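Look for chain A in each of the two complexes below; its partner is chain B in the first and chain C in the second.
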Partner chain A sequence: MPFAIAFALITLTQSSQLPVMPPNMPSWLNNSTADTLFYKPASYNWDINRMPAFAKDMYATGVGHAMAYEAMVTGGAPELETKTFNIIDWVLKHQPTKPVDEGAISPTFMRKYGSLEKVFDWAHLLHFQVIDVFMHPGWTDSQKEAEVDRLWKNYSSQPYAISGLPMNMEFLDGFSYSGKFRKENPKVNGLFWGYHWLQTVNHDMLYRVPVQDQVAQYALIGNRYRETELYRIDRDFMPMTAEMSPRFAKRFPQIAASFDNLHMLHDNVNDILAQSNLSESQKQDQVKIAIYRVLDSTHKDEDPGDAVPKSLHDHRHPFGIPGMGMMKGSDEDSMFMAGMGWMDMSKCSHCSISLPDSGPWGATVSAEGWTMSVRCLMCARDMSAETPGRAIIRASTEDPNRLLVLISDEEGNWTSNIKEVVFLENYGDHPECNDWSRAFTSRAAFDKYTKANPEFKDVKPLNLTDWGKLNHGKPVTYRKIDKPNPYGMKMEGHGGGK
Partner chain B sequence: MKLLPTLCLLAIASKSLASDHNNFERGRPLLFDDAYSIAYGEREFQTGFSLTGNHLGLNSSLGYGFAKNQEISIGFDANRGSNTIGEVSFFQNLAREINDSPAFGFRVTANGTGGQRPIGSLRLIATKALHQYDKIHLNLDFESRQEPGFLVGYSAPIGYPKSFDQTFVAEVGYRQKQAIVGIGMRRQIDPRSVLDFGIESGKTLQLTFGYTIAF
Partner chain C sequence: MKIKSMFLVVSLLGLAASSAAHEGECPFCKLKLVQNTKDQDNEVVLKFGNKRIEYRCVYCVVKDQARYKTDLVVYAPSEKVGEPVVLKRTDGKWTAPAGSVFLNTFTKHANCAELSRAFSTKDAFTDYAKKHGAESAKPLNLDEFVAMVNKPAN
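This part shows the complex of A and B:
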């Protein structure tokens, strides 16, 4: 059985030897034609340009990748951290205003790795079109979600599609060549992972957020990206979609997983190209094998949760995160997150009480480059108060079609996208915090809720200013998972105060 | 056949990733093609003016990438002082550039005016990198009732690594018993659209302005 043979070969050759070419490689990998695909025609295409700062940052990510790849295949590898980094950095500070033709920037790379470009291009088109849909004015959230589902179907119809199954990242990053690029080129790798941060963090910025409320978030996110995330060289691992955009990943787990698998393919390619002891032909073969590993066709008829642990066909995922594969050291209950340490993603990041399985999902808090899910508005506010700098809270309200977006300044003063927002906060036991800490789109909605829940009939509504001044500190229910960093670096955490 | 009708004839129809400044099709703005078709599923509209002395020509075409590496297009050329010429064209990419091997493609065209016998043509195309970023594009033309001709196109992006939206083009060739020399520019103006400008010298001097949009 070819599938089993391929699996065995790839498993056995991990870590000490180069992976061996599987016998069932898709024939298109050796096609000599260009096979260029156009994006799905639609009215929303290029609506990313409605937010010019975001669009320019996204366009610049393509330039950086292409320049680095071109340098690596034209003898420029020794200058990656100096000359190439400086050129890319210049572009990142003077971004193109229009999308760039990556093939024109990296023509040598294209000639050597044309099959890889087909995979990259097709995935990048999906990436941009998902953004375009979420930024399209005039459509309801339901219409947008249905269209994103159609985009995924359209994407999956091509042989270049990357699998939407969660994959074991420790396995995919565990080959003999793995890690070489990031070790030898920490600054350029930092740029790449910075791109991945932007490419994954934007989905929760856009998903179910009214178009007019998206720009204000990017003022914060864009600054964070340009000033910090691009230049970080202390990351243990690449940013994952479900870490950066948990709400999006929960709704579109296949797309989230495919983006992570795409980014891991980028990392594999970086590492392969950085191998000075491999011939050109060996590098081309290894890139094809890396493509094979993440293709949808390689995992046909497999499902999330299917598991041959720590193998190519390990599709387990942490509990409550169907759109993310297992990470190094993680199990179904916990995983190590950059900036946060060990986390149980099925529980509130602030009070450690289980997140509800249904109904309003509570809120997320984004600060210091991370995004975490919490049970209630109080947990969101108090968790953001523990963190230096600005924060974004995205929270459910009584209206499933109206998302509350709160943005804080450096002093912890909040602004809201819903001017009439009122809060219920009747401090009590944390296991019920999502009952007594809530946001409402109007006083009328608050009154309706308190009338239907007599235990709150005497509770006064709080306006944004008064609600923002409250702080109940770290809950007694909070449980820190005390395990060492599986990547062998110093444990990171969150704390401090504004 | 005089140079102007020939140039205008070649200015219609479409090919390649025309929404991109770095892809080249005949008439936009020079006569040569590169070896790549427009993308599968892409629709592309082109229009342009050509000015030779006091002769103003208008040409437009609509192309569709109906399959991978294959496109079909229809177009017309309305040139003041001559008849309107209609055209149907099929283009196919046969190979992309791989390592040191060039890309290959071909175009088959039928065109003519009402009531006259259509003229058929076959163009064989090869595209190859010259240095790191610039490329040459060899076109061999075989037209009914004409001697074979050739064009050598040249393209080079301008502004790298500080700008990424324009490409210089040039060509020399011999077609229709005429030596041809031309230079031009393609510039991306938004994600979908490209403007082009060219000056071509054969028997007479011709200016070309064009616009391409993909959708």
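This part shows the complex of A and C:
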């Protein structure tokens, strides 16, 4: 540990130079022999195929990464934005129906960076098995959550496991080589960050959502992914798991953080391979150092919140988001989010009142590629109404085991996964909005609530259509955090999207 | 019918007035929405089904219109507080009240809210243009304004 801190400090103070090789590198990093780990045997494996469109999009992400890596280690870097991009794009439009062995696509890369592939493969298996569990029919939410906890334990037991601690993203993206790949190859980098969007956004689509209600959401999410997110070149930073799936990240902070650390390792590797001034040996060393930084074994006995600020061992996280490390410019209270600007994640994105610590957690709104947490159904509806395009609301009801999933069309007309849903909305002060704006799975549940809360005894229940037509506009309590974009100025008038 | 329309306008204006503290961003240009003041309305409200989306200026609305597939109503702030110029897009065709004219002279989006606006009369246009250094600007009718916005960039 003392050495690790010293190493961190050295790399921090020498950020304009290449990171140096620590002496305590795990020996397996120099072992190029195959060591393939496979799925934890289980009845849920491959249940991702229950949603073929989603499965194919996910399988295609691995193909694209492998093609780009193979091009970069075989002299194809100058054609990444043209020939390679076009091939990957073709694959994304003609996805494989089964998982593809990346070694078959990138044999040269595998020979040169075999230890890296072990880390990638092991983390990707966790990705897929978590999805499989959530898509498994017949299990309760509690059973699924317990199994995902077991998956994390199984994952962490192997030497190739990536740390589940939040890590400082500004530090991890602050080396002399950082940013080169995305600057020189914005289209291919856009594809990679588009993959990361899909790989992180899907967890809230699935988590505690009944299997039969998952497909309808992917009709919207899949379109957004294929038409917009893959081709965005205006992102400031890669999508983070807690941004895209805040409910999942709150329940499984270690898995969320490990996915972000994995994705940052991808970015580090991209940047290292893009360095034309480094020898092959230097690139291999730098990739090993990048792996070392995010390994679970490197951070043994450390905990979330531990901090050597802006170093390798900075495990602070914004307040209310234990599954995400500090971002560039962020502090415990606020962070800069793509498409949203500066946000305080502990507060409602619509009315700026603090999110409740207990009880029904309110709702999330997903639209235009972002997902935000809000205090109540009214905040969710009105926030989506002021946003162009389709939207998804995932909201608590009086029944902790029944999640309400509302999906809107372009005009803001809603459909519900709970046919008998009724709403309470007795407009009042926002600090209490989660009391007077609620959803119920039935009229009987509504009556029970209003009987227990006499102040609502004269309030009539609203059906979905009538509730969807209401709009109270923007709350006077809303406050936008007025700070500049820490990643620099954006182009004016780009309009977002493609 | 007229009473119903008036009620809608008043409702929307009430909505805008109650949101004075809000500081959202324009869906098109991504710059901050300019808030209404006691002397001048600035928030452009687009109504589309159950959606009520605020834009920074009428240019941004027309430039962004392709994403909306069905009919639109736009409440464009005018020279009179509380009395917007109501634009409609019905079956793809834009209409505006008789006599309304448009200013569209901004070169940077930082100025779009100030220099892309609707007016109920030509006299109001002339008065506003003089106060905002746009004396040489030509008052545009709706068709000219939409054509100018949709003109391909050189």
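Quick note on the criterion: the second predicted complex is superposed on the first by the 477 of 498 C-alpha atoms of A that agree within 3 Å, B and C clash if a C-alpha of one lies under 4 Å from a C-alpha of the other, contacts with A are read in each partner's own complex, and residues count from 1 in each chain.
We take it that a residue touches a chain if its C-beta (ideal position, glycine included) is under 8 Å from a C-beta of that chain, and two chains touch if they have at least 3 such contacts.
The shown structure was predicted, so the numbers you read here are calculated from the model rather than taken from an experiment.
In the superposed model, A:Phe456 makes contact with neither chain B nor chain C.
Contact with neither chain B nor chain C is seen for A:Trp139 once the two complexes are overlaid on the shared chain. In the superposition on chain A, contact of A:Tyr478 is made with chain C only, not with chain B.
Judged by the touch definition given at the top, the superposed model places A:Tyr487 against neither chain B nor chain C. By the document's definition of touching, neither partner reaches A:Phe319: not chain B, not chain C. Looking at the shared chain after the overlay, A:Thr108 reaches chain B, while chain C stays out of its contact range. On the chain B side of its complex with chain A, the touching residues are 17, 20-22, 36-43, 65, 68-69, 93-100, 103, 129, 132-133, 135, 157, 160-165, 167, 188-192, 214-215. By the touch criterion given at the top, residues 32-41, 45-46, 49, 63, 67, 70, 74, 87, 90-91, 94, 96, 98-101, 103-105, 107-108, 110-112, 114 of chain A touch chain B in their complex. The part of chain A that touches chain C in the complex is made up of residues 341, 385-389, 408-413, 468-469, 471-480, 482, 490, 492-496. Residues 15-16, 18-25, 27-31, 48-54, 63-64, 67-70, 108-110 of chain C are the ones that touch chain A when the two sit in their complex.
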